[in-house]
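Below is a structure I'd like to ask you about.
In this document, chain identifiers A, B, C, D, E and F correspond to the written order of the chains, with residue numbering beginning at 1 in each.
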Amino acid sequence: MKKVEAFIRPHLVEDVRAALTDAGVKGLSVLEARGFGHQRGHTEFYRGAEYQVLFVNKVKIEAVVLDDQIDAVVSALLRVARTGKVGDGKIFVSTVDDAIRIRTGESGNAAL
Amino acid sequence: MKKVEAFIRPHLVEDVRAALTDAGVKGLSVLEARGFGHQRGHTEFYRGAEYQVLFVNKVKIEAVVLDDQIDAVVSALLRVARTGKVGDGKIFVSTVDDAIRIRTGESGNAAL
Amino acid sequence: MKKVEAFIRPHLVEDVRAALTDAGVKGLSVLEARGFGHQRGHTEFYRGAEYQVLFVNKVKIEAVVLDDQIDAVVSALLRVARTGKVGDGKIFVSTVDDAIRIRTGESGNAAL
Amino acid sequence: MNRRLMAFLTLLLGIVPPAFAEGSGSIDSGDTAWMLTSTALVLFMTPGLALFYGGMVRSKNVLGTIMHSVFAMGLVGIHWVVIGYSLSFSKGNSFIGGFSHAFLNGVGVEPMGSIPHLAFVAFQGMFAIITPALITGAFAERMKFRAYVAFVLLWTTVVYAPVCHWVWASDGWLFKLGALDFAGGTVVHMSSGFSALVAAIYIGRRVGYPKDQILPNSLIWTVLGAGMLWFGWFGFNGGSALASGALATLAFVTTQIAAAAAAMAWAFAERIRTGKVTVLGVASGMVAGLVAVTPASGFVGPMAALAIGLAAGVICYWAICLKPRFGYDDSLDVFGVHGVGGTLGALLTGVFASTYWNANGKDGLLLGNFDPLLVQALSVVATAAYAAAATWIILKLIDIAGGVRISQAEEREGLDLTQHGETAYHL
Amino acid sequence: MNRRLMAFLTLLLGIVPPAFAEGSGSIDSGDTAWMLTSTALVLFMTPGLALFYGGMVRSKNVLGTIMHSVFAMGLVGIHWVVIGYSLSFSKGNSFIGGFSHAFLNGVGVEPMGSIPHLAFVAFQGMFAIITPALITGAFAERMKFRAYVAFVLLWTTVVYAPVCHWVWASDGWLFKLGALDFAGGTVVHMSSGFSALVAAIYIGRRVGYPKDQILPNSLIWTVLGAGMLWFGWFGFNGGSALASGALATLAFVTTQIAAAAAAMAWAFAERIRTGKVTVLGVASGMVAGLVAVTPASGFVGPMAALAIGLAAGVICYWAICLKPRFGYDDSLDVFGVHGVGGTLGALLTGVFASTYWNANGKDGLLLGNFDPLLVQALSVVATAAYAAAATWIILKLIDIAGGVRISQAEEREGLDLTQHGETAYHL
Amino acid sequence: MNRRLMAFLTLLLGIVPPAFAEGSGSIDSGDTAWMLTSTALVLFMTPGLALFYGGMVRSKNVLGTIMHSVFAMGLVGIHWVVIGYSLSFSKGNSFIGGFSHAFLNGVGVEPMGSIPHLAFVAFQGMFAIITPALITGAFAERMKFRAYVAFVLLWTTVVYAPVCHWVWASDGWLFKLGALDFAGGTVVHMSSGFSALVAAIYIGRRVGYPKDQILPNSLIWTVLGAGMLWFGWFGFNGGSALASGALATLAFVTTQIAAAAAAMAWAFAERIRTGKVTVLGVASGMVAGLVAVTPASGFVGPMAALAIGLAAGVICYWAICLKPRFGYDDSLDVFGVHGVGGTLGALLTGVFASTYWNANGKDGLLLGNFDPLLVQALSVVATAAYAAAATWIILKLIDIAGGVRISQAEEREGLDLTQHGETAYHL
């Protein structure tokens, strides 16, 4: 089992969800994040003072998938989450030892 | 050391914390998440328009535990976080290389 | 590639970001979290009733870094995120299989 | 045109000779200005109440809770002109009014005292709107929306209109007994407070109460709501003089003083007991003081208002602290504030009233007359008993007809999504 | 001192003999009290509108949306005293006023009816402020701030001032025709509603509309805004009597009834169609009722107001449900509420008006006169056509001069950051 | 009954023959209507201020910041009737009043001018409430709650009451000198503004200021607060005429114009300097204009108000931009807005005042008289110096008694949790 963690642009979350579903993913989770990287943040004003806000709003997608789904998932992400401008984000893949479905207690691939 | 990541129903977070504490866990962290899976979302109305909101509010529990705690932790989770209805969530277990306590610099099992 | 996950005090996030940048980290992400551990929470009042809120606001830093950056990153964190009081938080290190930059499709170390 | 249509049109156009001329004065521009202002202020209290309550519930219930107040602006707003005003104020018997002013039949801009009759209708209508809204705090976070609608309609008809008639209509039995209620201590606060107590007991505790932490989504709404209530209460009490001038000023000033005093007294009591002064405590104290001074506002002097406010702050705080012992879940403490505060105010009116301040009032206990206090006590008991009994019956009927309470699963998901298909915050 | 400076100082100090004495009455303290109160209430509607609209947009646009209303408090506030009042109300031709009152030249506290002339200026100025602010809901979430500023200035000059002159100045052509508009059904609501329709079409749909879920950042603001609007509307309609007394009371009461009725009618229609009553629906219904009763408020009786409110609730809801069929993106439904509601109200005024309630009004269709309805229809068509055409031209000009719409990337980031460098929530 | 108890009861019931009849007129219903309305409006400004300030602080301090305003509604509300009114307005010497009206002794509904004496008490009491609340913005996010309570009590007694007496009591020395302060430029804004400067310097900068990003939890509160302030300010300035009619109207209109002008001027200055117009800038500009026009409002004409507003917008913005150079942390810019704006307004009153607009006023510099400006300058210097010195001493005393500032750890956790045991948002 592999865990895919992707930081993407917030407004693309629904497209990504649809694409991952098409790629066979049965479940996933989304968390709000702020990211720092090559993409510049923005300037905020507060009573004449200027603040450089370095962080950019991102969304983190977490999905644990079967080993053989990983390529399809990554290419779905590359297709849908890419705008070509700095700040599209990153995908990280790591290994998961086990998964358990709380409702049934099923574990391993069956739990996904 | 193992990392346990569990997506659960938000209103159970306090019960889960208590159960994990009983199971010997000394620390854990909680993050807000939205989940997609078998559980259906809900319908929202906005001036006559209907929106299908597919995501469901979940809470993510993250706890790094000793290797020999993992069974107790998983069974505590299965006991407390289970309602038996679709959407109870998932537990993912993976391996952590090291842990460091920032306050003291201790690392390894001592840091937990 | 290694993933560093650190739970720290929220007001130190900017200092940590700067220190990690100095340590050569090119990108990182921040998530809001609530933590439970040795640090005591606080008491809230609500119309005469007292509630013990056990969780403490924390921030989670996630950064995937090169294998040889890991020591520098950990020591930067230990230096900047430490106040010496209970609740400074934890650093967890784990292994990542792969990283992909969505904008370019680059993978491996080049994606960081 | 046939006769049915004719009658309908006549109604619609309101071209009906006023059934009787109310009073004989002429309209005074200053009195009318103050009454219109007061009426607007009282209307503004209902969104204020919506926020006061809305801030205290969990974020999944905030819209549903707000709805319990603002929906009444429409529902009771209509009920009032259709039937409510007539049942409350038209000629009837000593228990309830008749139907002669149904659909505002025979009500126009003819003078009633020194203001147009319709100004009186509108002013009183705002009271009818906020009163059932006050009750909703007791069953917050667990009432079916349909049941709420039925409850408000029935309660307004069966409780509000008669009690209002008893106290304020010239043929009402408490009026004739000489009960003093300047701006609604019994009519508004006791009737809602005791109904709330019964409703809280009837509907039962919220899932997880008192074990779970039920923390307010944002007390900022609550403070803003309290501010709107205080502001609007100047119209509530000041407008109850039904004219501008000395009496309105007196009621205005006693209102101000009692609110301030109760806020400080509540804060002080809290400080003694828990060591901290809370923002919610101060906001609650304000409301407690406003409630308690309501019946007294035009009958007592400023220093009596100070005493009433101080008493209300301490006693309502104490009532709220006792609540857990009794085990019922009056979620937003309607009984503790309006029931207890309203009763306190009604009784203290009998203590502090003085004809020095209002020649049409009475001299109370402190001036050596025990009678007024007795009459006040009677009005307290009668109102409480009637409101409580009627509320129980209404809830029972609604329960039989379709249920009053949402399911546990719905309660967990919250009123906003399950009852209205909306979410309060998408931040 | 040279002559230029002299003239400037004279202006600044306002020491200019009033050009002409408006009317000849003397100032009445009660009438003035009510007019000042009403004026303050109408001013308060604009922050109310800011929240009403602000709550409905996504959190990245909430400050920008609020700004579209509150900035007008300053911009039109100044425009009005510099030139707007003069163009609207000073002697001119039947189409537009002149410059004799520019910079409030010749305007002082001399009586105009029973109130000071300046009180009339201030009251009317509040109407001028809120009217363009109403339009901004149509182009919410995508307008350049600079374009907004230009739009408001031009629109106030080219649309508001003339239409106001047509209807309310004694030499305006619709006034002379006898069009009935008690408090601004045509001047305020139709003019803004039809301009909004054109603006929504001109600027085009928001990125992602209607595919993406565009959920309101917090309807609590919207409900509070609706409450502030209802509260302020008592000044809007009640103050349009330009005095305290019977007529102000009538307008106040019809306002109250129509708002309540429309909220209930909208809720009911929604319930039938979707099975749920929403908080946004009730808030929208309130506003629809307030809009529809505006032109009628001082010409019809309470039961006619009930009918107008019920009609407005159902018809505006229906208009909003039809919108998707036409494909334009009137983001906050300005046309559906103000355009449709204003038109409905203007026409129904011709149906329900009755000299029983206002001797200076007319007897409408229900009393057998077809004429008033015709005049109302004419004023509807003229206002709609003129406002629509002028708005199109204004937007075209601004587009040529510098563009009306932000870029897609900016739209994605939101108005708050890109236009104002601010973020609404740091929670 | 013994004598002690007797005296207490007499006090409580207020049955004391008024010590002296203030004036001899009779009560006018219209004037009283306007004064009660104005009083309510001024009360409403304090929750408005709470939100205006509360929106600008970080979310961990928002309840504590709001508390700094709303607690004063209770605390100063009581102080005023106990001792504040007497020290301010009862007969005394040219520096301070006496104790003859303590506990409102001898104050009833007898006419004072054309309104009841108690209406004057209530109106003035609202000013006393908001003035110390204004100061709290200077020490936001770091003051001990206990220290705040002590500060407000002492400051109201030692600064507010005397300065109020100087300027507005008939035996006050500035009054006798003929200083012009229509609605509180010196009494309210300069006294609070200079006290704020001293308080900010005394208490020191917030932890992390100016290095850390201190971003507002939500400017929506701030805009709503500004809207409530503008709305309420009509009562503040308009009510200072102490009657309805021409003068109230003048003050109302100048208030409106100056607020609008200053908002635009601030926006313009900001645009020039940073390229962006911010929502906070517009809201701040509104308040700056309202502050500056306060002393002038009933003494100058509409175009002078325009000039005052424009000047205030630019100058207050400029003052705020300069602040960082001086290194103190006046967190919510109380000095920049109220100190600078109040001084500016007081001086410009001496420039623009004209007996054309107010026969009881003066002709100022522009009409060739240098004297009024001199008197204004003197009142400015005296008020600033006295308020500053007294504030320093008060803070020093409180510091010795128990400390004014919370610990660094508490500051990091926030006022809400550490001072009140509450959290503003559980979303």
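Convention: a residue touches a chain if its C-beta (ideal position, glycine included) is under 8 Å from a C-beta of that chain, and two chains touch if they have at least 3 such contacts.
In this text, all values refer to a predicted model and were calculated from it rather than measured experimentally.
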Note: among A-F, A-E or B-D, over half of the C-D contact pairs reappear in A-F
Between A-F and B-D, more contacting C-beta pairs sit at A-F
Distance between chain centroids, defined by C-alpha means - chain D, chain E (Å): 33
Whole-Å gap between the CA centroids of chain B and chain C: 18
Touching two or more other chains in chain C are residues 31-32, 44-46, 53, 94-95
In chain F, which residues are in touch with two or more of the other chains? 28-31, 33-34, 37, 213, 215-216, 224, 244, 274, 276, 278, 280, 420-423, 425, 427
Chains grouped in pairs wherever the two touch, ordered by label: A-B, A-C, A-E, A-F, B-C, B-D, B-E, C-D, C-F, D-E, D-F, E-F
Okay, in this complex, where on chain E does chain D touch? 28-31, 33-34, 37, 41, 58-59, 114, 215-220, 223-224, 226-228, 230-231, 234-235, 238, 243-250, 252-253, 256-257, 259-264, 267, 274, 276-280, 282-283, 285-286, 300-304, 306-307, 352, 354, 356-357, 366-367, 425, 427
With touch defined as at the start, can you tell me which chain A residues reach chain F in the complex? 44-51, 53
Chain C to chain B touching residues, read off their complex: 2, 6-8, 31-38, 54-55, 58, 60, 74, 77-78, 81-95
Which chain C residues qualify as touching chain F in the complex? 11, 14, 42-46, 53
Interface with chain B, chain D side, in the complex: residues 208, 212-213, 412-413, 417, 420-423
